[in-house]
């Protein structure tokens, strides 16, 4: 599939296993692949690996954009790995690579990705995890989903 | 003053003027300088410039860490300018340079800095702007202040 | 093809067309694809596009790691595009993504990639363009080739 | 001194002690400070520390732009420290911060800085270390000096 025809979805979330998130992330990865998305993640464990597995099992293409320089650290469910050598700054590349971004739980690293998505204008679907409030007008950009199916449906809609 | 003796506070916030924030940022900058902090900002306009002006007028040292490569774009209240050429990725450097981070209003760029502060373990004081919620346990790190004086007092305490 | 089985070659060079380099880069891209490499480039025009076209026409997989956030700026010969939003700092990601790096001509941007390859221990094959000398012991890492065929053969050998 | 009146010189070189370079870097740092430059380095040991010491002893201002997030790793001769958290990508910030760049010996990391200086148009003075050649027209930008005094004189001239 040439790049012109691809739609990309970035799945962001914690790099360690967290209760309930693994199944959720896997189901979201599968749904996004079935909806025709090429999946991009940060290439590590936890929710990133779970989403990658889901997409891989559904026959999708999976890209891992790693913080370090050693691609052997990537989840084995990635088809393409991009070591960046930039540490946390690679979070910007992860979200810049998605036409839509799906956040599954996550703490500070995931929040930095949600924020960068806002900075560069990528729509975000958040499932579990962060809820954002603001003292004046909350900037647009984050949409909340209650389930994997909801999240995938929203992602399809937002990716246009 | 040699670096060993300095304490640094990073002030983050919008690069454009926003109602009410200019005075607040200026007062916070002044207070932080009076408390002995070297001030670090992203070096641009809006809240960054206002905080820089406040610190400058109180006789403090002000550092601007710029996204581009041209230091002539920096606020004229900076004593030292560090053009990085890294665009939004310089946000990580801004917060890494503070022993404590004070967020004054702001939208997505500011949220990315709050998040990076969380990633690398810098305490954050938020005044106006973002309020963070989480579906499970909210990670520690962000403290809320109601006024410039509160914010400075909290920053002094958190910087240890 | 899953990632474990891939070998990656990064082709670096000028983003604008330069005499003689277009055909050379195209031939190198084709040869690397025929040798089984997944091709990585900076995703832009000039030598990057020419190498991408060569690999594409030989049926290879081509990845473009872009400096900006807009994937529509990528060469149309890329199968996968990774916008990074990091400007020149993405050069590190381009070389970190190759098990071997092939430099085709190029000026300062290409030299920064050769240097980063040295920093992180990726072998470099240089064809046309830079010749490096050092006043004491030249560090290992750069190998010179005289033709596209030489460059491909060296890349195969160096990628182990 | 406000930023408008400062001229900045970045000194780049190896982070470990190397024969002959320590004295050379120290003398260059001293000379640059005496010529009125604010000194910027990567904030680590070796040639960076030696240049910082020279500038410090001459009463100059010294800035260290660090790869990690922990400022306690900086040379104690820095007056201002900027931890970036970006690893090797901080090399771009080091050279972007100089109106002129002086390279003292060095291997791949130093070469990446010379190259970035070329990319963003900063003049470079090289003393010992790299000698660059090119198969077609060598791009302008790197000037060679034979001694610390030569290097400082060239830096003054090139910084305009």
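Letters A, B, C and D mark the chains in the order given here, with residues in each chain numbered from 1 onward.
In this section, a residue touches a chain if its C-beta (ideal position, glycine included) is under 8 Å from a C-beta of that chain, and two chains touch if they have at least 3 such contacts.
Everything quoted here is computed from the prediction, not taken from an experiment.
Visitor: When the contact pairs of B-C are compared by residue number, which of A-D, A-C or A-B has over half in common?
Guide: Comparing residue numbers across A-D, A-C or A-B, the repeat of B-C turns out to be A-D.
Visitor: Taking each chain's centre as the mean of its CA atoms, which one is most distant from chain A?
Guide: Following the centroid criterion, the farthest chain would be D.
Visitor: Distance from the CA centroid of chain A to that of chain D, rounded to the nearest Å?
Guide: Result: the chain centres lie 39 Å from each other.
Visitor: Between chain C and chain D, what is the gap in Å from one C-alpha centre to the other?
Guide: For chain C versus chain D, the centre distance works out to 29 Å.
Visitor: Could you tell me which residues belong to chain B and also touch two or more other chains?
Guide: Residue numbers touching two or more other chains: 85-86, 88-89, 92, 116, 120.
Visitor: Across the complex, what residues on chain A touch chain B?
Guide: Contact set of chain A toward chain B: 86, 88-89, 92, 105, 107-109, 111-112, 114-120, 128-136, 139, 141.
Visitor: Of all residues in chain C, which touch chain B in the complex?
Guide: Where chain C meets chain B, its residues are 85-89.
Visitor: So in the complex, the part of chain C that touches chain A is made up of which residues?
Guide: 1-4, 6, 8, 38, 40, 61, 63-65, 69, 71, 74, 76, 78-86, 89-90, 92-93, 96-97, 116, 120
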